[in-house]
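Here the structure comes first, spelled out in structure tokens, and everything after it is commentary.
For reference, chains read A, B, C and D in written order, and residue numbers begin at 1 within each chain.
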Amino acid sequence: MHAEKLQHDFEPKIVAFVCTWCTYAGADLAGTSRMQYPANVRVLKFPCTGRIDPVFILRAFQKGADGVLVSGCHPGDCHYMAGNFHARRRFAAFRALLGFVGVDLERLQFSWVSAAEGGKWVEVVTELTEKVRAMGPMKEFKALEDEEQWSGALNTPELREAFESIT
Amino acid sequence: MNAKAEKIRVASIDPSYYQAVTDAIRTEAVKLLSEEAVVAVVGYLPGRRIGTAVPGLVTTPEQAQQLIFSPACVNNLSLYLTKAKKGVLKKGKVAIIAKGCDLRALAGLMGESQVKKEDIYTIGIACAGVFGANSDRKGGLTEASIARKCRECTVHQPEGVDLLVGTLPELPQLTALEAQELARLEALTPEERWAYWKEQFSKCIRCLACRQVCPFCYCEQCLCDKNRPQALESSPRPAGNTAWHIVRAMHLAGRCGGCAECERVCPMDIPLNLLNRRMAMELKELYDYEASMVPQEKGPLTRYQEDDDQSFIK
Amino acid sequence: MSLLITETNLRSLVDALVKGATLVVGPKHSGSVVLYQPLAAGSDLTLDELPRRSAKELYFPVCEDILTFKRENGKLEVRDIDRSRFPETVLIGAPPCDAGSPSILDAVFSWDYNDEFFLERRRKSTIVGIACTKGDDACFCTAVGLAPDAKAGSDLFLTPLLGGSFRCEPVTEKGQALIDKHAGLFSEGAAGEPVAFADQSTGKLDLPKIKEWLNGHFEDPLWESIADICVGCAACAFICPACHCFDINDEGNPDNGTRRKHWDACGFSKFTNHASGHNPRDIQNKRYRNRIMHKFKYYDDKFGKTLCTGCGRCIRACPVGIDIAEILDTINKKAQQG
Amino acid sequence: MSRIGVFVCHCGENISRTVDVERVAKEAGDIPGVAFSCDYKYMCSDPGQNLLKKAVADNNLDGVLVAACSPRMHEKTFRKAASAAGLNPYLCEMGNIREHCSWVHEDREEATAKASDIVKLMVERVKKGKSLAPITVPVTKKALVIGGGIAGIQAALDIADAGHQVVMVEREPSIGGHMAQLSETFPTLDCSQCIMTPKMVDVANHPNITLYTFAEIEKVEGYIGNFQVTVRKKARSVDESKCTGCGVCMTKCPKKKIPNEFDQGHGMRTAIYVPFPQAVPNTPVIDRQNCTMFQSGKCGVCQKVCGPGAVDFEQQDTLIVEPVGAIVVATGFKLYSIERQPEDSPIQGYGEFGYGTIPDIIDGMTFERLASASGPTGGKILRPSDGKEPKQVVFIQCVGSRAREKGISYCSKVCCMYTAKHTMLYHHKVHDGQAYVFYMDARTPGKGYDEFWRRAVEEEEAVYIRGMVSRMYQRGDKIVVMGSDTLVGVQVEIEADLVVMATAVQAQDGADLLAQKLGISYDKYNFYSEAHAKLKPVECATAGIYLAGACQGPKDIPDTVSQASAAAAKVMTLFAKDQLERDPVVAKVNEKYCVGCLACKKVCPYGAVEEREIRDRQGNLVKVVASVNPGVCGGCGTCQATCPSKSVELDGYTDEQIMAMIEAL
């Protein structure tokens, strides 16, 4: 069926934070329905989107995620009644903050995927993966990881340049 | 730029204003302490250097005679009522001098069960503005020396205080520099904004003055000090610094009263209040929430409505 | 006759050093603040403002890696930092309060243990100090035994002259070597009038007397009265040229990480917090007391030096206006009274 | 260093077809802390489980990861196996390499790499896992039933018959509720009182039921199995222990012209009264607002004539504290009124119907009373204004219901059926009368319901007009009803003698206040919310509280009784054990670091967070911290995500586990 597999130069790392009751079950349904989607996504299961701390998203980007998906129950469907309502406000705020410090919000996707929406899971994951693939690696946080205060760096760009100008 | 010509009217037209406020504070503080209505008055005392004032935890009527109010009274004293400063004040009712912006912090602390209304006596100041960080203070309060937050202050007149001190002089309209800066940043591309903040955060040395002066940073264990697990790197490298400032802004979202103390005390001049302002703007727009001088039961991130905006969610 | 260098040539000296693959660090604008930073060219050098942070980070970085570790195939491999990669460095444009600090710190970093991270950088660097013509009401270098034109700690000392040149005085062999290597940029001539040195608002302190008073006043109401308002940040310590406490932290995970050394400060409540939860300095004024004690007593006890250069940075930066000069003055008066 | 075992399942070929399971197992073996790894054909089979148990024992494993299907499938299986091997079940986790990997990816290389990553992440999770023990909560085997209508009565009788103590609290002086007011009931037209009153008497006589009428819930504390309920017994002014129910006081009471609420204000009662003759208990109550003695201090006739001396003008409200283990909420409904509503009310009245000022426009419940043999007219259909027998009666359905412009968008569910019933009752009593019904839809799902409705239309000669009434006004002694017949497409005008409106079913007054006392949630119409619309229609999200009847939403009698019995069954299930076991995935507060900002309390959907005072040995208050009641916590973790200092932590999903997983990405 898919004999020809496309080779990509860049395979993005996508991290999905999902709630166990809706989206995790939706992803299970996609599996039992044998739907196909890119293998880039790594799923972390939470009881509820209400448990998902914005720090986790930040941390995922810092640890090399090129895209992050946060997904839970539709409003009103929360197993815990209100966890996703609180999460919705929290993420609205956090998203604004990340946007303001210059994170491209195209890399951060929020969705409601119910246990019955295997197809939507596939759609959301595929779309984010393809979008991020086209955007290329998330360089910002990774670059920061390698940066030092000038005094702690073993050599500085200036020095490197100076060295290069000599040899 | 001629500093003299720009001298704003609050300082030049009404020089008696600060004296009147100072006198009123002293009278009240002496009365409260001599009647033993309070165990301490948290106010301002003159500093050694020109144009400076320091927080004072005043416990005797004699000391109370030294209390002042001037544009140098920049600190948000509500800090001294929080758990972060436990043990500093004796148990009992405390009087506190508060500007409008400080009052919003006090109200927030009440909403978060940190301060009880009945435990404090608030002396609210009708405040015309205070000095900005690193400003030239020799010429009094001028357009050049006024703090950026004061240029667009909406809480000159305190509300809900036990005693209101001072009559507000006529205030000039000043350009909203902070709002302008915010708009400028908003207009940039994400890459440009990232570059801007990267440069700002790279200066950070993690002295945590921003945290230590914040009335809302009263946690016994700050997330950034935790090591099991380590939520964000504690070393002052660009990665950890960026994470720290993002987390800080997030933790203050919906709580910050806008006193901008974090920005004032930053020895590296990182414009931290821009982050707080940006979050406040967002919460105002999404949930019609604004920090208030009156305690609110729940903040915007501890409540919800079923029909909250979810245009960003697929 | 004196050795002189023009401002143009001073900047050319920076250019020449950079070309020679030397790391040149000096005051440079970064937005609204001036910081000691690597200079890409002589034109970066800013001599009209005291940098916000001291020059100590040249030897004692805000944060540096000291080793890395990684577990592979069940074995943990530890890799040391190659200190030979520390560059040859020239610090230029440091006033006496900054130029004087590394030599004070030498004592502690080569005391019971040789901290090669500090010492190797010291060996590889030359300090070009400059007489201070700025200064404000927070400065008190004269009070602690320095002066706007003190040469202590400098390898080469510059004195700004009216008209824009600098008088150059080699203080050490390192300084002389620098002159010799770039002799073309210096000239002999009659030194003009120096630019007026910075004013000092405080009088001289009797440091031995202060120490004597501190010896007997570990417990004293003074500490509460001056430091109950302290908020417990590290602004004072981090920008101080002499504070040198650090913490060591492993970052990453047990199988792959880096051990890092970074600034720490006695103002933080965590500084003395024990694993048991007990904290001997349980309240802020005890922490502030330590700051004074360390600078004016403990360091003197151990190394015969005062751990303060009077730069006034902590006074300018303190969020609550704690004024160490004023405190020293108070103690000085108490000490004089007996 | 951990000693973790990793078991990679082939699932026949379901996993191994796309995932190189041998490689995944081998790579797992290289992860620091993994002491054992293998792959096996069917891990869930008996030999597979035995393999796991043996490996735990042989290798002294302290954690287990089974990489196989979804944990939703077999987590319980493997946790049980791990438990049998002596491991804490919560140290056994599953990595989902089937539903989330082998079934959704075709490329073997990619799928294998992903499976290895999943194993790597989950191993970190196991490493940081903690042993957890189920939480046990003692259970007080006594139930509280709030409301004494048919729902409350059914639930109370079922629970009491099962041998458990029941406390029933009713706001009105008598139990019986709305059902006692009905004339006949659909679809069988049997007399409501005939089937209701025996049940009321059963309640009164049941040895396991304690009945508090004329009483309200004052305060509810505690949690599932351990509630403390304070009941306010309002002053009845009649001592129930002395009263014999002879009724002399009522016959002698000089104040006789008080509109009787039970008859929708159409009959009269005295100031000392029982709401209706079959009231349970048959103890009168003095309506202090209307009693001359209470208003002017002069009279006292009832006291003088009372033989046993039961009348007590000095009686006060009393508070009774009842410990209970479960609560059934059965507070019923009220009917919508077309009267003018306050400006700020979300519900609107009907100005086009005269806001209720036209006396011969009545609601369905009033019609029930007119049709009832025990009603103010003795069962004769006579209109309120002049007592004449109406010959043309217009019935209007969906008044208030399904009317978004009036503020109610839901369907009241019972009106179609009772309007059909009304037309029949009318036809039976006024043979020459004509009934017209304006309706939007006739909704008749239910056993025998559609047949009943057809009978009304086809045999009992009611004229059904599909359309709404736009306006009604009085003309002479007639009411002009202007409407449209949308099927024919014409305007209709009928001169009616009487109009009966099927007004919407609404939540009881004060339903929101009671919900706040109980800590349960309610919708924007104040109907109580069930924990899950489909799978938990009886439970509240607050553990130990159950719903019965129309307080949850409009319901007819059979549905109400079913739900009441279901609620009773839930209570009995809870009471079947002495101790309640709960999943230990609950939040815990680190009291050392908690600063008591109580943000967790603000966001907790279960009301599981309380304030706790910490005192030193001398009893001085050290601080106030949050405290999570493990019996109530639902385990969502919203508290932890909200806590700035992470001083509250959800077991099973700790920050340490999650951060370790993110680190391993």
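Everything below uses one rule, namely that a residue touches a chain if its C-beta (ideal position, glycine included) is under 8 Å from a C-beta of that chain, and two chains touch if they have at least 3 such contacts.
Since the model is a prediction, treat every value here as computed from it, not as a measurement.
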{"item": "Steps needed, at fewest, to go from subunit B to subunit C via touching chains", "value": "1"}
{"item": "Chain whose average C-alpha position is farthest from subunit C's own", "value": "D"}
{"item": "Which of A-C and A-D has more C-beta contact pairs", "value": "A-D"}
{"item": "Centre-of-Cα separation between subunit D and subunit A, whole angstrom", "value": "39"}
{"item": "Subunit A and subunit C, separation of their C-alpha mean positions in angstrom", "value": "43"}
{"item": "Cα-centroid distance, subunit B relative to subunit D, in whole angstrom", "value": "47"}
{"item": "Whole-Å gap separating subunit C and subunit D, where each centre is the average of the chain's CA atoms", "value": "70"}
{"item": "Where subunit D touches two or more other chains, by residue", "value": "592, 603, 642, 655, 658-660, 663"}
{"item": "Subunit B, residues touching no fewer than two other chains", "value": "223, 230-231, 236-237, 301-302"}
{"item": "Residue numbers of subunit A (touch at least two other chains)", "value": "54, 59, 82, 86, 90, 148-149, 152"}
{"item": "Contact graph of the chains (line, ring, star, complete, other)", "value": "complete"}
{"item": "Partner subunit D, residues of subunit A touching it in the complex", "value": "1-2, 5, 13, 15, 20, 24-25, 27-28, 30-32, 34-37, 39, 42-48, 50-54, 56, 59-60, 63-65, 78-83, 86-87, 90, 122"}
{"item": "Residues of subunit A touching subunit B in the complex", "value": "54-55, 58-59, 62, 75-76, 82, 85-86, 88-105, 109-112, 124, 140-141, 144-145, 147-149, 152"}
{"item": "Residues on subunit A engaged by subunit C in the complex (per definition of touch)", "value": "148-152, 154-156, 158-159, 162-163, 165-166"}
{"item": "Subunit A-touching residues of subunit D, taken from the complex the two chains share", "value": "70-72, 96, 98-101, 103-107, 110-111, 113-114, 117-118, 121, 521, 529, 531-532, 541, 585, 603, 605-606, 634-638, 640-642, 650, 652-653, 655, 658-659, 661-663, 665"}
{"item": "In the complex, subunit B residues that touch subunit C", "value": "47-50, 52-57, 75, 79-80, 84-85, 87-88, 134, 199-200, 203, 205-209, 211-213, 225, 230, 233-237, 261, 264-265, 267-269"}
